[in-house]
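In the two complexes below, chain A is the common chain; its partner is chain B in one and chain C in the other.
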Partner chain A sequence: MSAPPPTVKVPFSIYRYEPGRDRSPRYQEYTLDLAPHTPLLTALLRIRAEIDPTLSIRYSCRSAICGSCAMQVNSKSRLACETPVGPELEKHGRIVVEPMRNQPVVRDLVVDQSPFWTQYTKVEPHLKLDPRRPMPEGAPNPMTPAEVERFYETPRCIACAACFSACPAVEVDPEFPGPMALAKLYRYTVDPRDQAHQERLLRIQPGGLWLCLRCHLCTESCPKDVRPSERIRDLKEMAIAVQGATEQGSRHAFYFKENLKDGGLLNEMKLARQTYGLFGLVKELPQGVRIMRKKPEMRKKPHPIEGADEVRKIYDALDAKEAPK
Partner chain B sequence: MRRHEVVVVGAGLAGQRAALAAVQAGREVAIVSKLHPLRSHSGAAQGGINAAIGKDDSIDAHTYDTVKGSDYLGDQDAIEFFCREAGPIVLEMEHFGTIFTRAPDGTLAQRPFGGAGFPRTVYAADRTGLALLQALWERLGTERFTLYDEWDLTTVVVRDGRVQGIIAFDRKTGEFEEIAAKSVVLATGPAGRIYGRTTNAHSCTGDGPAVAYDAGVLLKDMEFVQFHPTALLETSILITEGARGEGGILKNAQGERFMSRYAPRVLELASRDVVSRAIVTEVLEGRGFAGPYGSYVHLELMHLGKEKIESRLQEICDYARHFAGIDPVTQPIPIYPAQHYMMGGIGTNIQGQTSVAGLFAAGEAACVSLHGANRLGGNSLMETLVFGKQAGISAAEYAAKAPAPVLHATDLAAAADPLRAWSSRKDGEDPSALRLEMQQTMDRYVGIFRNEADLLEGLKRIRAIKARFDRVRVVDQSRVYNLNLEEAIEVGHMLDLAEVIIVGAYARTESRGAHSRTDFPKRDDARWMKHTMAAKGPEGPRLSYSPVTYTRWEPKERVY
Partner chain C sequence: MKLAYYPGCVAQESGKELDLATRWVCRALGIELVPFPAFSCCGSGFVDEANEVLNIGINARNLAIAEKAGLDLLTICSTCTGMLNLANVRMTDPQVRARVDAALKPLGIEYRGTVKVKHLLQVLTQDVGLEAIRAKVRRPLAGLQVGAFYGCHLLRPADEMRSESGEEPQSFEELLKVLGATPVYYRGRVMCCGFPIQFVKGPTASRLAGRQIQDAKSHGADAMATPCPLCHISLDAYQNRAEKEVGQRLDLPVFHLPQVVGLALGATPAELGLKRHLVPTDSALAKIRAPSPA
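Now for the complex of A and B:
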């Protein structure tokens, strides 16, 4: 064997908390000598084995396939097993490790994942069949490679919940299914074997699909490149195709586009009326007044911007391109 | 006390399939698992699942390949049954929603695998286990059952010659609890963490076989340990056999495609024991590379081209990039064999029945014996489903007729108190230090090539660690998610199994499949065409032997 690789001193600051036993969370400092490519999970296991066997973590495969060890690493949702310590150290000077967000802490870095699993179950993640159209007997359902491509990367999801932890919509609305569940819904909604595509798209709309803020933090945090936010976008398109822009959320999206197409500029008054409808608008009146006070520019009558024609041309070209679908 | 009709321990593919079968048979079912079902190690299986559904393939060909792969130690009735069931099972999994890779005509694509005469391995890119695990869990989710996830098995209660239930430890509360059951299926998966160099997950600690052994159940063929030829060097993370199935080649430090010397006809696609021995031989004879993480050889994929590598071998591309800093599109991957699979396990028949009434087992925790002395790639995923289903059916049938189980108040105390006592010691042995020493011992003395002196030394050391384990100490005093207590329980389990492996390997004075004795290099059918059965005795394992079942295939010399 040749010489071992050079190591660096890595300072860790690790969240410690056992609800019911500790009065409040605290951060415990540890320092290890590690080769820069060492995965964070290996470092945490070394802390357990060599320094402190009371540190609680959830882990199993150490190869980014079981989805157990997602946590907040320097404030980002990451899998500990595939996050090398070197780059974190370079960027932040130390490594702050905290439990995932949007799920209650059980102990230290271990969270109770029931909110996550509940949302996953709620999208009915299984093939829904029509008894009048049975599966082929003694044969697989035919599925072309092109049909398999339509799943994109959703089959790679390992349910690690990194996206659920990163999602601000989950944080404000516990009813929001979250990125993983919606990516799972997408996976079943494009499955040629599933016979409830329409029903799925209708069911997910109220209080579900349209709460996504399009911040893309889920896609950024996903260790498997599932790109939940892109699949949520696809679901929105499919939902409008099935039902038209009838939901508050879909109306907002639809008229947002129409608005821009019209004059190249968002007419927020008009958009609000189109989204909420006249009656709905009355309900939102106090909010509207508050906004008007804070943003006087909204009181001005909007007019088409310079180059509005160009904007319309772009939309027309895009619409023409999508038409054949 | 909790009560259920059928309790399945383990929620990987075998456990889930058993649970589904038992629910479908009308029984009330609970699943107890140390991991959430979707985190099971089945999900780490990469390459694929074997079924002879190809146009030119046949059930007979699959049977013959498996018999030959087993080095004639597999029970041929079990292998025939398995190969017949494989086709319907793969179709069932497709109907459950598995997203398999497809051929251009829309049928299931199949790739070549080691030791197989035809491209027989159905796959989902290189994440076949994950694809199956998702589909089965999501199908099972439409049925009614109770799930105890993150519960650790500590005891199987056997009284009056039959199973009465289990005792398990709820990691979230720290409580030991009794779960009475009319029948129990053990599907707890691998035990690879007995070794340091293993492809297995940290959770693969052989809990089912160890607990069954403790309850007087017979373990079978435990000395047969498979080493996967291609694991990443430092971490032993698996690089699928599919990489060679897709055309990957192995080269030594002299740039030579050395498999031509060991398996001139099929080269890299010889069975795993053959390829692993070839790699170790190359290294021992000075033709390996050397680096800070030990000696190695190269797995080359570059000639396959970026597109094929990134589509068919997407996950391992990520593994090589993330965990070894190697881009397989442009660089060879440094690999070395690592422990991968236990051919042995809880002895069962084709129905999953163990040596104790009401107790069934399936999957890697069990030994039917399908794989004999060496498992073929792609057969283990299929095994979990074929025999998981059988065990579930059998457990349901048994439970339908069994009397109500009887657990005494003393059962819980007898099982839990000694484990709790570990936490009150002021001084004692650190479980993670014992685990490390056990792993180093097994890596060094009970690896790919074995001999009498090494095995005796290994046994001596394992027994010394076992003696120290009697004074094991749990430092963590919390009841919630106490991993320190869990690791102590796991080390206890693994030390028992390590001893059984060594005693069986020492007794078996021949070389067969994955069991290679340099002091007995030939297969000895006259003396050793038999299964090793191990029972727990006061002084360690007591061995007996049982015959191998033959149907149509006479033992021949095994050449690839």
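Now for the complex of A and C:
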């Protein structure tokens, strides 16, 4: 019989809190002897079974399929069931376990996921068919491999909310739908069977898309490599095409693009005028003056780069679309 | 060491002090910077949002300029690094490559994909090396607690950026230690500064910046330091707004990466353009001593 794998002492610092009962959250320390490959979830279940039966955890499949055990592990959004303790211990010397962020705590590591599901429901995550164009009864509705390829990543989502927990835009602005809801929106927007593409894109509200910071923390934390930040980028490009540059976010992206066409470098002042409009610019003036006193170059138009005509020709070749209004 | 110098728009305009400090540090470390007046803006992530392929096209042109000169590219902005790297990654997709090649070819431009995009932080920590820098320190930043603030696009997506880590980088803190400073570890160091939405919803952007500054400060930072001039705008030029959003006076100086390196190597505040900051750096400078003679 082979010897059991060597174990190491693993110190845990676990968030404990029951709103309504505890005055404030506290961190409780536990130490276990564990083999380095032990999943965090297994460790937590051992703590509950052997040391402290009052520890609340949400989990189910233990196999990174059900998406139940997302939590903050040393400040990162992770599924506990697929996070081995060894590497965390090596990097941090201990393992700090906290509930997911951006959702209210029910108890200890269990959160109330309603903010996440509310945003998800809002994007109507199901195929929408046009009643005027019913599908033939019993007929299949096939897709080509190329069509499936466009959204093959997004159906992998297991709705664990790790991205929602990691998202700084959700943290500071509850209006933002969050990465997963937008990845789902993308999935139905490019699904050839869905008949509400235009409507979906037109209905995206100002706060909905352009609050994404493209910080890619969602993509980093996603256990299924859905890459929400990249799909949100795709949605932005599609939204400009359908909605036009009609709101602050799309205007800024659109006019930034236009800005480089002549001269190749960013003209900061011109962009500010175009993004904010005259009224908005006046409102921003005091801040602008405050900054320009220290940084006078901002006022100047940059010199055109050498070969600015090349940049223009690249635009002609790759950005032939009419300017949306 | 000789590198194609890609300063980016901000360092040539409102963030001129970053360019100044970069040139000073590179001179001190024997890094030759080759300027190319033909470089265009990287698109700053906004062009990518408006038209992905166009963004790759203009950056492939930038990369082709360096390739033709046989040089790797030095960037001093996290977002420039991200966008130029993204072009490198996306150009490996045959369909994207075909479209971009078709746009560049009539202009006599070809990009074969051989240029490495290196941010100054990577050049300092990987190519120059921490020991070589340690040997040149004339004014150890002893007594100064610094919160590194990386900037998203230097790190993420980690697989595409081939960065040290998307969520737990170490290089900036290791560099700070070599400079004699004490790095401050806080959650916000890998978070977003809010810059991308400064023009979409200013208060939300500033609330985010405010939280990261608060986080650094509450962990004991005397100053922050960032390798990204866009983060610098959010954290320094807009710190007054961040203060308003979080309802707290912050008053935390924010250095550009080459400014902290320059200070430790003996540069004067004037040589590093410190007077151009909106938040005065005096409180941080008061903590460090005069440089020892060379």
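One rule holds for everything that comes next: the second predicted complex is superposed on the first by the 272 of 325 C-alpha atoms of A that agree within 3 Å, B and C clash if a C-alpha of one lies under 4 Å from a C-alpha of the other, contacts with A are read in each partner's own complex, and residues count from 1 in each chain.
Assume a residue touches a chain if its C-beta (ideal position, glycine included) is under 8 Å from a C-beta of that chain, and two chains touch if they have at least 3 such contacts.
Note that the structure is a prediction, hence the values are computed from the model and not measured.
Judged by the touch definition given at the top, the superposed model places A:Ala139 against chain B, while chain C stays out of reach. Of the two partner chains placed by superposition, A:Glu199 touches none, neither chain B nor chain C.
Shared-chain residue A:Tyr276: touches chain C; no touch with chain B. Once the two complexes are laid over each other on the shared chain, residue contacts for A:Val106 go to chain B alone; chain C is not touched. In the superposition on chain A, contact is made by A:Arg156 with chain B only, not with chain C. Touching chain A in their complex are the following residues of chain C: 9, 12-16, 37-41, 43-54, 57-58, 61, 99-100, 102-104, 106-107, 109, 152-153, 156-158, 166-168, 187, 191-192, 194, 196-197, 199-201, 204, 207-208, 211, 237-238, 240-241, 275-278.
Those residues of chain B whose C-beta lies close enough to touch chain A in the complex are 35-36, 38-41, 43-44, 90-91, 94-97, 99-108, 124, 127, 130-131, 134, 138-139, 141-142, 172, 201-203, 235, 237-238, 290-295, 314-315, 318-319, 322-323, 325, 430, 432-433, 436, 475-476, 478, 480-484, 487. Considering their complex, residues 74-76, 91, 168-169, 171-173, 207, 210-217, 219-221, 227, 229-230, 233-234, 236-237, 240, 248-249, 252-254, 256-257, 260, 264-266, 268, 272, 275-276, 287, 290-291, 294-295, 297-298, 300, 302, 305-308, 310-311, 313-315, 317-319 of chain A touch chain C. Remark: chain A residues 1-5, 18, 20-21, 37, 39, 48-49, 53-54, 56-57, 59-68, 82, 84, 106-108, 110, 112-113, 117, 121, 125-127, 135, 138-145, 147-148, 151, 155-159, 191, 193 touch chain B in the complex.
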